[in-house]
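Next come two complexes, and both contain chain A; in the first it sits with chain B, in the second with chain C.
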Partner chain A sequence: MKLSGWMKALGLLVFVFMLGPVAIIVWISFFDQAYLSFPAEGYSLRWYAGLVDQTELFRGLLYSAEIAVITTIISLFLGVSAAIALSRSRLRGRTLFENVFLLPLVIPAIITGMALYIYLYQLSGIVQGGLVPSTWSLIAAHVIITLPWTFRLTYAGAVSIGTDVERASLDLGRGSLATLMRVTLPLLRPSLIGSGIFAFIFSFGDLEISLFLVSPGQTTLPVAMVQYAEFNVDPTLAAVATVQIVLIGLLLLIANKFIRFGEAFSGGLKQ
Partner chain B sequence: MNKQDVGATVERKVGWAVITPAAIIVLVFFITPVLYFLRIGFETPSQSQISVPGFTLNNFGEFFQSAFYVHTLIRTVLIALCSTALCLVLALPVANLITRSSRKVKSLLIIATVFPLLVGNVVRSIGWVALLGYDGAVNSILIALGVVEEPLELLHSPVTVGIAITSVVLPIMVLTLQASMEAVSPATEQAALSLGAPPMRVFRQITFPQMMPGVVAGTSLVFVLCMNSYATPLLIGGSQVPMLAPAIYSAITTTNNWPFGAAMATTLLVVCLTVIVLYGRLLSRIFETWRKEPR
Partner chain C sequence: MAELLIEHVAKSYGEKLVLEDAYIKVPHGEFVSLLGPSGCGKTTTLNIVAGFVAPDSGSIRLGGDDITRRPPYGRDTAIVFQNYALFPHMRVTDNVAYGLRARRVAKDAIAKRVEETLRIMGIHDLADRFPSQLSGGQQQRVAVARAVAVRPSALLMDEPLSNLDAKLRAEIRIELRELQHRLDQTILFVTHDQEEALSMSDRIVLMNRGRIEQIGSPDELFQRPKTVFAAGFMGVENIVDGAFDGRTWASENGTQTMPGTAASAGAVGIRPSELELVERDPNFVSDEYASVQATVTGRTYLGDNVRYELAARGDSLVAVVPYSKADKDIGDEVDARVLAKCLIPLEPSVAQ
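What follows is the complex of A and B.
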């Protein structure tokens, strides 16, 4: 079916609606003036140079990157093991496991974050130690919200590649561990890279689950940005947001080579 | 995908060993905390500890007797409904555009849809503040054009909160609709067109009904996301347009009343679930009659 001209125009206009807020942040970050006003009084890179002095935002950026890297490693390990177990061995209760691993997507992250905080807070009383706020509790929370993605993308990949090559390897006398390491995982490389990038991005950008778990003075970038934005939106904030935008844009371009986004997001939570 | 076709290449014993770490992590850091938290909503608040064990519905009574919280709940549902409807209307032409594009353009457009989604709701909400704020881009343009003399108060209104939320969740709707539109067989559309049906009628009677599962999935998901949105109402609406998720946060942080916050969270979950179930039933009924009665 051919598209009529106005349908096309409307579609493109909606892209402006989705991308406009991102574009304007990038634009503002190059403004010369210290406050938000239009049009630009000149352009400069000084807000980027000055980012190092913005302790809260800059430390948030580093802290978020640190949390996201650790989260990605743990989440990949857990998600990939679960995906291989469910796709490669005949476990009872497969549907139950699938749903359990996807459940964190269904419960609002802000509720999960509060729940984890109060639960660890109560546990602290029992074990006589401060469990929250702490970096590891934040990582645990981020692992929970990224696990559905690492699990789901790897699971879909593992099911789609089939088991022919693995069975050939087993039949030819390779042990199951060697087959896993030298056949299955290399075949799954695109899914592994894709889901790792997704885990990083969702951990890095998360606000809601972190709200209760960050310590005062050591917050993640999204929490720091919201606290800043509640008082002021200015080129400094735009500059740090642009760093995030560029980072995610680059990761997206890499991920695009390995997974198909349409399949990753469509159909709601499950295929 | 047929899961049964994939043969077992990992022994069951090994399978159990491999799945256990993930299952334990989810159980310990997700399922138990969430159940514990929701349970607190049925306990009595206390000054010296988080809550007094027991069972009471008083927290829910307090919630539904407070005009502020009831209005917040109604406002949240209304904004979520309007944003979901607007999302559907806006996403259809985009999904159509993506589906009918050539391979190269299609992958470019999908990246352009996924990109804002991954950039995150915080940055995009800040972008909306920059657009709509007192010194924002929209006000500057309106003043430059001489439409208004003083900047308009565009933030802190339910309408702009709804628009910003729509823009934030829209990519999810676009991707879901696009996937279901991709599955519609072009042959049925061509048949209708060649028999002389005008394009709009083909869309209404051939394409759209075949997309129904995607429409249901997309609108349900988007509705839940709107109900739960936090950053957007906080930054765009502020204290003038309170919505449920930020209200839960501030109820807990300002009064330290965890049972009340937990009761609010339970209410939010129950409302979302009820609306989704009722809506699914309603739509499937409408859809049945739609298919039976040829028009």
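What follows is the complex of A and C.
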């Protein structure tokens, strides 16, 4: 076999390795039996139908969605502001700032979660208020872990559109704000949509940080799933996961489309 | 009437002096070129006029108003960028209408002006395209259309033809010149291409390392470059120093009186096409001609012409001779002669 043949075989292996667990989860969700065993004793949709009665999981889903939407909005606002400002500044130590935004990627999420918990707990003592657990502490934490995505993707976009189009706009008589609204942000649209979707997905799927920060009667979906798994072994979670996979898969498809769009735009600029 | 005046403008970046006491006047309706090698400060000058760079000292006047402290959007200038900088998310019409909308011109007036401008630029059928759907030449025309649509008091162009192929460049040069006359447009144009500057400008400002070497009409700059740098930039390949005392140049056959004003220090420029190569004649004396003895060291065929390299009294000279007269060969001992009135007295360059 030639080298390219080996590469293909290796690629296929990675593909199988990555998709395998996903395929098995989807498969299990259609098993009829109430315990996990292979092979299937029969197939049914009963676990999907049963989701309607899973109030804990359902409430978790709604709560997660709420948190993810608010997180995405705040993270986009902060990440995009920072990306535009930094990509247009001649500030000394700019790379330092850039890297600070990427720090949450380097630190394991569980450490970030614990650190935030301790920090906010101590702060609660000082300000005489219960900062943790609370929805706002959860959102703050999610904003921190999603910032690397909203910042980095938008930063790349902001660098690639360059500053000449903005200068052209100023030169033709538009002020800074009008230029931002009419030129910079429209050109960043693909990055905004792409990074927004990423932020949503990471917030929605986060378990480690949320574990520390959710309030007892109000948990996110991943935390609710862990709690469910403590007492049940039926394929309900597989059904939940399948629903999630489909939703997130769709979001990724949309993100992918917009990020390709971005390439098309910057290609037009370079000519 | 919109006259652009750059008054004693200076700019440094840190230690580096990028522009030193520039005084440039662009009278209404004139086409003035900033010409000079890369890095001499042309773009910086343009950016100071447009308001993107603040000068350290000096002022910019447009139509009599001091606009030095106004932001870019508060100046009645428009730039054609080197890379065009079209808005990629807008169709050609919206690109061209952009400045008019910013100026809150009435809707139907905008439509009319855009239409008219697209017609003048010959891109009317491209109105609904996006920039990425246009060729380089078409993008260039849209960039010009976008800038002239607002009828700026001063149109600023930064090497707008440098990304086009030679044929298109020649075509657009003529178009731009016509456009300028038609709109009576004041233009400050930047280029490093002397041919471009010579063929388009009413006046050329020759720059060298942040200083102005010479200002003049294309003819003045080409025929009478004043400094060693100007001469070199204008294709005067032979610059001979030493034997020049201000009004006369000592060559082997005596001293030749120079035309024009007396120069301070000794250098003489000779265009390669003005040098004639003749049989060695030790007894040659003439008031009309300057002559030096030379040896042919190189010969390059150029088609219509032949280019000779010569060694003469420690200088190396270049002569370009029509093919029909190019009967000399490498190793020949010759006299290199030039009409005294074709000698160009040169001062040392302003910037060192």
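Simple rule for what comes next: the second predicted complex is superposed on the first by the 246 of 271 C-alpha atoms of A that agree within 3 Å, B and C clash if a C-alpha of one lies under 4 Å from a C-alpha of the other, contacts with A are read in each partner's own complex, and residues count from 1 in each chain.
FYI, a residue touches a chain if its C-beta (ideal position, glycine included) is under 8 Å from a C-beta of that chain, and two chains touch if they have at least 3 such contacts.
For clarity, every value in this text was computed on a predicted model and none was experimentally measured.
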After superposition on the shared chain, which partner residues are touched by A:Leu45: those of chain B (first), chain C (second), both, or neither?
neither
On the A-aligned overlay, A:Leu185 touches which partner chain: chain B = first, chain C = second, or both, or neither?
neither
Which partner chains sit in contact with A:Ile201 here, chain B, chain C, both or neither? Use first/second/both/neither.
first
Going by the contact rule set out at the top, does A:Gly175 touch chain B (first), chain C (second), both, or neither?
second
When both partners are placed on the shared chain, which of chain B and chain C touches more of chain A
B
Examine A:Arg167 and indicate which partner it touches, taking first as chain B and second as chain C; both and neither are also allowed.
both
So in the superposed three-chain picture, is A:Leu96 touching just chain B, just chain C, both, or none of them (first/second/both/neither)?
neither
On chain A, which stretch or stretches are contacted by chain B in one complex as well as by chain C in the other?
162, 167, 170, 265, 267-269, 271
Quick one: which bits of chain A touch chain B in the complex? Just the residue numbers, please.
1-4, 7-8, 10-12, 14-15, 17-25, 28, 35-39, 77-79, 81-82, 84-91, 94, 97, 100-101, 103-104, 106-112, 114-116, 118-122, 140-141, 143-144, 147, 151, 156, 159-160, 162-163, 166-167, 170, 176, 179-180, 184, 201, 205-208, 211, 222, 225-226, 229-230, 233, 237-238, 241, 244-245, 248-249, 251-253, 256, 261-263, 265-269, 271
Per the touch rule, the chain C residues reaching chain A in their complex are 50-52, 71-73, 77-79, 81, 83, 85-89, 98-99, 102-103, 130-132, 136, 139, 146-147, 150
If we count contacts the way the header does, which residues on chain A are in touch with chain C in the complex?
162, 164-165, 167-175, 178, 183, 186-187, 264-265, 267-269, 271
Using the touch rule from the top, collect the residues of chain B that touch chain A in their complex.
1, 3, 5-12, 14-16, 18-19, 21-23, 25-26, 29-34, 36-38, 40, 50, 90-91, 93-94, 96-98, 100, 107, 109-131, 133, 135-137, 140-141, 164, 167, 170-172, 174-176, 178-180, 182, 186, 189-190, 193, 199, 202, 207, 214, 217-218, 220-221, 224, 227-228, 230-231, 234-235, 245, 248-249, 252, 258, 261-262, 265, 268-269
